[in-house]
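First the structure, in the form of structure tokens, and then the observations on it.
As written, the chains take the letters A, B, C and D, and residue 1 is the first residue of each chain.
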Amino acid sequence: MKEHAGLKQQLTAAYGSLPIKQPHPDELVLAISSESFWPTLNSLRETCEITFVDLFGVDLRSTHDAFQLHLIFSFDAEQTWLHFVIDIDEQTAAFLSLASLFPAAGWYERVIWEELGLLPQNHPLLHRLRLAPDWPEQVYPAREGFTWKEPITAHEPIQFALEAAPVGVVDYPLGPVRSGIVESGHYTLRTVGEELIDISVQPFYKQRGIEQRAEEVSLELVPLLAERISGTSAFAHSLAFCQAYERAAELDVPPRARFLRTLLAELERLYNHLGFQADLCQATGLSVGQAQFDLWKEQVLRLNARLSGHRYLFGLNIPGGLSRDLTESGQEEIHTLISALRKELPALSRQLLASSSHRDRLERTGVLSPQQAREYCAVGPVGRASGRDRDLRRDHPYAAYAQMDFTVPLLQEGDALARAKIVLEEGEQTLRIIEQALAQLPAGAIATPCPAPTPGESALSWAESARGECLHWILMGENGKLRRYRVRSASFANWQAFSLAIPGHNILTDFPVIEQSFGLSFAGANG
Amino acid sequence: MEWSSLPGTVFWAMFGLYLLGIVLPLLVPRVRGVIIAAASCAALGGLAALIAGGGVLLGVPGPAGAIDTNLPFGLLSVRLDMLSAFFLVVIGLVSLPVAVYSVGYLSRANEASLRRQQTFGALLNLLLLSLVLIVSAADAILFLMAWEAMAFLSYLMVNFEDDDPHITHSAYLMLAISELGTIGILLAFLLLSQSAGGFGYSALRAAATTLPLPLRSAVFLLTLFGFGAKAGILPLQLWLPEAHPAAPSHISALLSAVIIKLGIYGILRFLLDFLGGPDIAPAWWGLTTLSVGAITALIGILHSVVQHDMKRVLAYSSIENVGIILAGLGTSLTFRAYHLNALAAIAGIVTLYHILNHAVYKGLLFLGAGSVNQATGTRDLAKLGGLVRLMPWTTLFFLIAALAIAAVPPFNGYISEWMLLETLLQSFALPNTLAKVVIALAGALLALTAGIAVTAFVRLCGTGFLALPRSKEAAAAHESPISMRVAMGFLAFLCLALGVLPTFVIPFLDRVTAPLFGVSVLNQVVPPLFTNHPGAYQLLDTLGGGLFGGWLPVNGLVVIAAPGFSTIDAPSYLFLTELLLIGLLLLLLRAIRPLGRRRIERVWAGGIPRFTAAMTYSSLAYSNPVRMIFNGLFRSRTSSRAIAPAAQQREGLLTYEQEIPPPFERALYRPVLKALRWVTERARIIQSGNINQYVGYIFLIVLIVLILRAL
Amino acid sequence: MEPLLEERTVEAAERLKARIQRLFGRSLHIRHIDAGSCNACESEVKLLNNPYYDIQRLGMFFTPAPRHADLLLVTGTLTRAMEDPLRQTYAAMPDPRLVVAVGACACSGGAFGSSAYSRGGIGEIVPVDVFIPGCPPSPLTLIHGLLLALGRAEQRLQGRTILVRNDLLMPSLAQRFGKKEEH
Amino acid sequence: MFSWIRKGLRTGILTTRYPAAHDRMPEGFRGRPVIDPARCLAGQGCSACVALCLPSALYLTRADNGTGEAHAPAASLTLDIGRCVMCGLCIDACPADALRMVEEYELAVTNQEDLRVTASYAIGPDQLASRKENHDGTSA
């Protein structure tokens, strides 16, 4: 078990003598009082390089008669999660906003405010974020006693009004129903003819309350819900949940299952990255390129269907392993397709970057500066294109990634071209990983029977989806159901960063390119 | 009495009417009475001008007369020749509706004191009087007196709301530049007259033939400069976009439709009349005029696109149209220099036609802008919008004028601009390559100008009248009173008539150009086709021109026909066809209506709950691409600032500014003004305020005089 | 199905059927709207344009504006925030118009059903002409659904109420059922 | 640009000929669940699948067909493909292998009722005839 000597003594320096629990080798849990957490975090931010990852609240009034804030950082230097737990008593039901320390925390605090009813004091701008406009006031879905099942009558819709634009600047409304086959989300583009000078994003039209839903169904059904947080990151999400479950139940998955999970997770990444390029080609009007990448995406999807019976790998992950084994013929098919792609993909990417009509649209378009990316904790390819050297597969290895040999591409430019390059490079790394996983695939069982974790157990788990890192945290309750299920998808983290890339030297016709180059999912952000 | 004497009588009566219009308002005790008295006198005067000018154009001998003031410079003579008659018609056509319009406009405008209204009414008539004098003067002295009167009176009129310092400033700017021009005019006249030994036009005409070329060229340049200052050609246009918005709307209509045309009148009078004899003008005069015209047109329309004050948009487009007129004139001069008199005459006709057209639709546009201004209290396009529902008539008339000025058939702008481009295409007839090239380039610029003009007026109508009201004022707008609507309707009708019946107009214009170019080109522009005309137009007949041999009431073809016709255009039939097509379209709609029942649904905006005025395309946004493309000419600067994007919970941290300097402002005027200031600073040392020094000056002068005397 | 699919609407749909096939049979313009899906359905619908499926060969085109659309292709369970947009989109379409529900979510709420967050199937708001089950339905299923909407394909499934008596049930019968289902 | 065209031409024609010719879904593709009423034990009060169905596409209802004499325990199990998310959990859960997945893809219907297959148990001998129909819901 790792000791984290350096980190621990830094922490003790910051907090004096605090109880530091270490439930898992790579996770430190610290309980702080609601008074001291702000200044200590402030000092910690100066002393060591930590990344804000997640902030959410839990309603524990029935057992601890208090709310609980969970604040999760990643300390990449030692591949460790810092997990702060802050008790907030029911009377005050408020806490000091962290937005000034970690700008990214802004949205997370708004979610806590509207879903749990805790007030983040001196928050820069507090208005409804995720809940529908006609959601009634004073109804807090994240509190105990809220039942997902029973419908709520609509109330007077709360429409958030943007501050008036300067004279002559048009509030160009885009969405929620936009052209093309896209998810529903609304942008207000502030434009002067061609120039694009500002944007306001409203990605939350599709809140389905998956967290609450999961707390009402029996455990073995939760993976099905996790898959539907974002259908194109289905495997990553169900994997994250199952790992959380297994961590909570403290059981080890058989090695074959771990390798298969790695394999399948990479297949998912593969079809996503191919689709990413196809959409980007569509945005720049390079139809032939789009067709080429779509062909490969379709082939990977068909491979998925042959391997798992589902094109998007739904219903594969089960707590304790996988529901289906990989047959010999399946291995053959994977091998043939992957080796074909190993030849084809580099050629395609060379050709793509060589075709100027495509490249010119991407260069210096939608720049997200490394500094912005750091402040708003951009994750995944978006972050890596803006100098965020961070990849859960490498920094916090799970499944069988520890045994895999791969590199994590990194660029500093932060423009659409950089993002495209990163995704291309990752695609080739993915192929390498799949080959290794196939080669090293051990024999044996694909699942172990696993008992439900003991009530009160909690566990943090994660997976690197194609769009970036997604985190799941579960708290077991009585009667074999979840008491609290928390999901932070990659898209939720990146939507804040997205709106930073718009102001500046972009014109209206750049917008689709920028949007595609971020490749975000609305569903994922909604949860 | 028999008809031929009528125009003459009316002509003299006109002066009487104007004089009455000066006196009468001062006697009437009530505001409303004053307004009506002044307006009716002006209107009748305009009518008289129309009749007199029209009569002369119809062939009645032009009235003439002279009074002998016992002054050294001889008679003050008045004479109505064809050119004068034409401009008299223009003045009549505009001043008549303007006068009618002023009734509604003034009574609504402000509860000004009686005294103010009286002076205003008197000034209006005085101004009109000076205008008619300018065109009907037959000698330099009277012309110059009237000219100066016009300059000063228009200064007073523009400055009428003198409480606003900015208005005063722009009025003063107008006067200053006008005076600057007057110097040029004066010199031009002097150069001619001192070889003529008189100030009568006929004498000047004769003198031109004897004047050596360098002096002639000097006269040409002085004319272009002097009258150009009034006409607003580059780079002397600076006053125009300032003065037009400042003036009361009907006055700006006069300014733009008539007064700057008088600048053109001066140029025509000099270049076509005085210097109009054979072999007087070298080719480079024409080419210079053409180039100046083309560039003026382009720069003018470019700046018109990016303005946000309705009247400034119109003012800059006036500059553009002056440019087009000059281009026509330049073409004509070039052709004449190469002895292609027929083509020259056609170009002349085009020029006159465009003068007429611009007077009509620009007058209408300014009156429309006035109604909008009166109804909403603003001319800022960023505050307007949605007026089509609130003031439908004004919108309709404004739209017609906009279509006309954007050269969209079947309205009048289309005819003259089309004919101008066609005439330019005739440049292949020229022997000289340089001339061909210049004309070709100018043609390209003018075509571009026409294109941008459409943008400018789509923008003006679109953001001004369509979409949603962008301010409370605009939302509370109301339709204008009847008198204003009648005035605008009259002009709108003219836009259509001049557009569909050019074959009736061109013969009159030919009467004007025939004496100037010594050749009548009537048969080559509007051939009497439908009388089964044999010979030269056999080809047209075979082309089907001779259809319904002789049955059709009018000869509806406009032909540019020298050497050998190169283009045919049938506006009247075009119009009929358009009507026919629209009718068919309506029938078609009727026919396919039964498909599905009719539902009225909200505007589709992507499913947002509310579609607000902030989401409608603004004038700034509409013109911005043009600004970005032509920024090399604009020299504009923009600055925008968004601290954090809106999603980052920031309030009011978004700013956006654009600064677009007037053309040549940075390049020319700032340096010149700086230099002037420097000079005046130095000149102050002469004025020390010391008596002895002044006495010294006097002594010095006397000494010099004596010495000169002695020599 | 209350109240939108009451008798009147049903009859109207029947009457329209023939004309719809005549009108859209060879050229259909589709407007897609996501009423709250997990974006797997979007991915599949998007793939209809790829060279493997290429529905343009069937005379079907995706159009950006509902004003030009003949058919509304709805994915996802109906979330609160998307109710009004869906209504508006449907209203913005000219008559005659078709609605196709794609995926379990759109058909019936699927994994989510009606809850505090969502209204379940889109049938609650707009009259649905064709239901395409699946989570997500594969591109071929989508093509079948679209063709079915135009009357260019057969409907395979049929609702059944099968009456069984356990006590009379013989193994042989069971085998027969088994065999039947092989082909 | 030409390189793309060349690549496109090299790729050749891959387009499916559906609906002219039928494609086959891969073996084991989760196209649609099929219930075999003959094997199903719902009649004996089994509800293993129902418990495991997230969207409750499988649900039990008390069968009251008009016939007076109801054989206890009487129930009817409905499978609503319109709700099914094809997860396949019920297949593994079923103790009697009465549920299977078939690789079908022509699932669209014009009437929601056509997505439901109900197996109802304990009925009078008079309706035995209806058993002759095939039971996987597809029309012959």
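Heads up, the rule we're going with is that contacts are C-beta pairs under 8 Å (C-beta built on N, C-alpha and C of every residue); 3 or more make two chains touch, one makes a residue touch a chain.
Since we're looking at a predicted model, the values are computed, not measured.
Peer 1: I need the common contact partners of chain A and chain C, sorted by label.
Peer 2: The common neighbours are B, D.
Peer 1: Ranked by contacting C-beta pairs, which pair of chains comes out on top?
Peer 2: The chain pair sharing the largest number of C-beta contacts is C-D.
Peer 1: Whole-Å distance, chain A centre to chain B centre, using C-alpha means?
Peer 2: Here the centre of chain B sits 65 Å away from the centre of chain A.
Peer 1: Where the centres are mean C-alpha positions, what is the separation of chain B from chain D, in Å?
Peer 2: Their C-alpha centroids are separated by 81 Å.
Peer 1: If you average the CA atoms of chain C and of chain D, how many Å lie between those two points?
Peer 2: 17
Peer 1: Using the touch rule from the top of the page, what residues of chain D touch 2 or more other chains?
Peer 2: Residue numbers touching two or more other chains: 11, 14, 25, 54, 85-87.
Peer 1: Can you list the residues of chain B that touch 2 or more other chains?
Peer 2: In chain B, residues 606-609 touch at least two other chains, as defined above.
Peer 1: Multi-chain contacts in chain C: which residues touch at least two other chains?
Peer 2: Counting only residues that touch two or more other chains, chain C contributes 51-52, 65-66, 85, 88-89, 111-112, 135, 138.
Peer 1: What chain pairs are in touch here?
Peer 2: So, checking each combination of chains, I get A-B, A-C, A-D, B-C, C-D as the touching pairs.
Peer 1: Quick one: in the complex, what on chain D touches chain C?
Peer 2: Those in contact with chain C are residues 11, 14-16, 18-19, 23, 25, 32, 34, 36-40, 43-44, 54-57, 65, 71, 76, 80-87, 100, 102, 104-123, 125, 127-128, 130-131, 133-139.
Peer 1: Can you name the residues of chain D that touch chain A in the complex?
Peer 2: Against chain A, chain D makes touches at 1, 3-5, 7-8, 11, 14, 25-30, 51-52, 54, 85-89, 92, 101.
Peer 1: Given the complex with chain C, which residues does chain A contribute to the contact?
Peer 2: Touch list, chain A to chain C: 132-135, 141, 146-152, 154, 176-184, 204-209, 212-213, 224-225, 227-232, 234, 275, 278, 291, 294-295, 297-298, 301, 305, 311-312, 314, 521-524.
Peer 1: Residue numbers of chain C touching chain D in their complex, please.
Peer 2: Residues 1, 51-54, 57, 104, 107-113, 121, 123, 128-135, 137-138, 140-141, 143-145, 147-149, 152-169, 173-174, 177-178, 180-181.
Peer 1: Contact residues on chain B for chain C in the complex?
Peer 2: 595-597, 599, 601-602, 604, 606-609
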